[in-house]
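Going in written order, the chains are labelled A, B and C, and every chain counts its residues from 1.
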């Protein structure tokens, strides 16, 4: 269930990648940044975890635009440099968070925190996860509609399929990319809000979330959005099964093992083409 | 006196250390078709890409209808009425014919006339009308070329640049395309044609430039060049 | 006296100078120097695959973790001689490195893919280490301070550690130098420059990359072993987590990825700086020194992408033909998405 939120993270990565070929290794850290933002909003104003997204998401969007416009786009031709730069960002964000919030785990309570839904005799699912699930698929549907049926969506697909040809038709590629990056940031902010109720929070979690978002991203073939979401479900399920049947931290290893296993047989991901 | 549409002066450009063009000067007047000829890899596409704004020149100037366009980004140049039909078509493969055309009319200026232009294009190239809902990548080479041209036309261009439109096409399609180009020219469109096919170029264009090793080696009216030995030499390589 | 003799003399002199610090440098600084040397070794090791090979590996933390924990675990829990343990760790690292190389390079799927998959490996490694009691679990392993016994790979004074670390660095440096000038280095540079062309010339991509990976893994593991022994306490969150690799990559990036001196300079300048900063500034505001680092780093990458060494090189030689995009090209290029596999291809170059 939690996999759907992982899928969202993967989707935010996929969006950015599909129009620019950039992968942001600090994505998870920005997620954590959002979560801490929510935490602060909560401890200062008592603002519920879910509602804070209306503040954290826009802030993240602005931050994202600034970062991409001034730091990343200028060197976007050099893939290795971009990766290094995003690693640097990861470094900065993580340590800024450590600076401000210290090294302890925090929790952000919300109205739904411990609510559970009982289905028959068998399943007990945290309400927050159900909410996450539905929100994710709702967003995915909106995204699908936008991409396929609106002019803007077509523009995005054009830039994805052939950026140079898009420019020749008068499409401002850089601007389109920035808009897509904003969408990606919005998704990330939402993912942060969705994940908040179910997990304890620590500034160093960023890398973990980055990896957890990267796996669906790669499994989905990096540009196939539906594939990414399904990949997210897969990873999430693997994690749940793993931690249920295998004791302790080892259970969390299951998604990674499955991930690597799949890659051995299908390096382009489950849904990747070419 | 004809008005000068495109004025390329002393254009030098390259990639990294590799200098491809050395002080190339080309003029295109309104309403005419000018051909840019030369052997493979000699820099013809670079010229076109410089005009389109995809490659920034090292030196030289580019004037379109009197204004300097050398520093403009590609989408603005397209908005001004210069459209390129790139080498190899460069369509949007997983979009339908209709979507490709629709995107051709993306710029603000072109948006209002999208419907009319689309209808015009589909009349010009009936095969496109038939295959409206098909994905671009499923079309044949000739149909793809028609789509690429149609897409460029959707922008209502004043100057149309075609990079090797006849490459890989059967004679039938080549004929269709050049008939369409002649029709468009008669309606006022200015055309810059990059071609490897000497005969085609000389038959359809009023004037030609021959690019050899990054420089303009020969230029003049097509009639004069038909019999010129130097032209043949440049083509068979030095 | 020709140039290479001069540089060799300088090298020997430098080594001697550093070695002499054991005699006069106060304990605190000695400690920093030792750790700096170890990090230099780690950076050089990573650089083999990351810089010269051009493949950004984020999974090297696995090798560090193995090198640090395996010998310790084997010796503490099963009484295996530490040297054997170190060798075992190095061998295992080599095997894992080969596996990583095979999985990611089989189909030429590009730098990004490699980085992502190695990152997954890194995280996987961390989780496995934390959950395996034999390797110390979440609480790590404590290596007791024993009297100096070379056979048992235990040392007593800082001076001894310094010499050990220095020796390691010298070996790593020499190896890197050798690699750069060898056929392997030539092949790797060709691959980094243009994979398609390299393959067309007959270079076996998979083999070259795998060899680089294996060499890199071995050295990383060795460095990890030394580090563990010096530190005394092996904390898996530090040793086996990908974060340490990120740090190394960043230092190397500042210095200049892929060069011989880049990793050395980058680490040599910034690591001690960090430690000293941490001592003074971070007691008040923990983590500040890292933030300062990060900012400097990002600034450097943004402004001087080829690092200091690259920058100096360019000053010396003037603009040169390189595989990297030149300023001219960068100005002119659209942001065109690079294909998700294979080396970066520039459509502009194939047509004129």
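Things to note:
Throughout what follows, a residue touches a chain if its C-beta (ideal position, glycine included) is under 8 Å from a C-beta of that chain, and two chains touch if they have at least 3 such contacts.
On a predicted model such as this, the values are computed, not experimentally measured, just so you know.
Closest chain to the protein centre (all Cα atoms averaged), using per-chain Cα means: A. Two chain pairs, A-C and A-B, are weighed by contacting C-beta pairs, with A-C ahead.
Comparing mean CA positions across the assembly, the chain most remote from chain A is B. For the pair chain B and chain C, the distance between C-alpha centroids works out to 50 Å. Chain geometry summary: the mean Cα position of chain A and that of chain C are 29 Å apart.
Note: centroid distance chain A to chain B, computed from Cα atoms, is 43 Å. The set of chain C residues touching two or more other chains comprises 325, 329, 333-334. Chain B has residues 54, 74 in contact with two or more other chains.
In chain A, the residues touching two or more other chains are 164, 167, 173.
Put simply, chain B touches chain A in their complex at residues 52-54, 73-75, 78-79, 83-84, 86, 90-95, 99, 102-104, 106-107, 110, 151-152, 155.
Remark: chain C residues 54, 56, 103-104, 106-107, 109-113, 115-117, 119-121, 123-124, 127-128, 130-132, 138, 241-243, 246-247, 249-250, 253, 257, 285-288, 290-291, 293-295, 297-298, 301-302, 305, 324-325, 329-330, 333-341, 344, 347 touch chain A in the complex.
Interface of chain A with chain B (complex): residues 151, 154-155, 157-158, 161-162, 164-173. Residues of chain A that touch chain C in their complex: 17-21, 23, 25, 71, 73-81, 83-85, 87-92, 94-96, 98-99, 102-103, 160, 163-164, 167, 173-174, 177, 204, 207-208, 210-211, 214-215, 217-218, 222-223, 248-250, 252-253, 256-257, 259-260, 263-264, 267-268, 272, 274.
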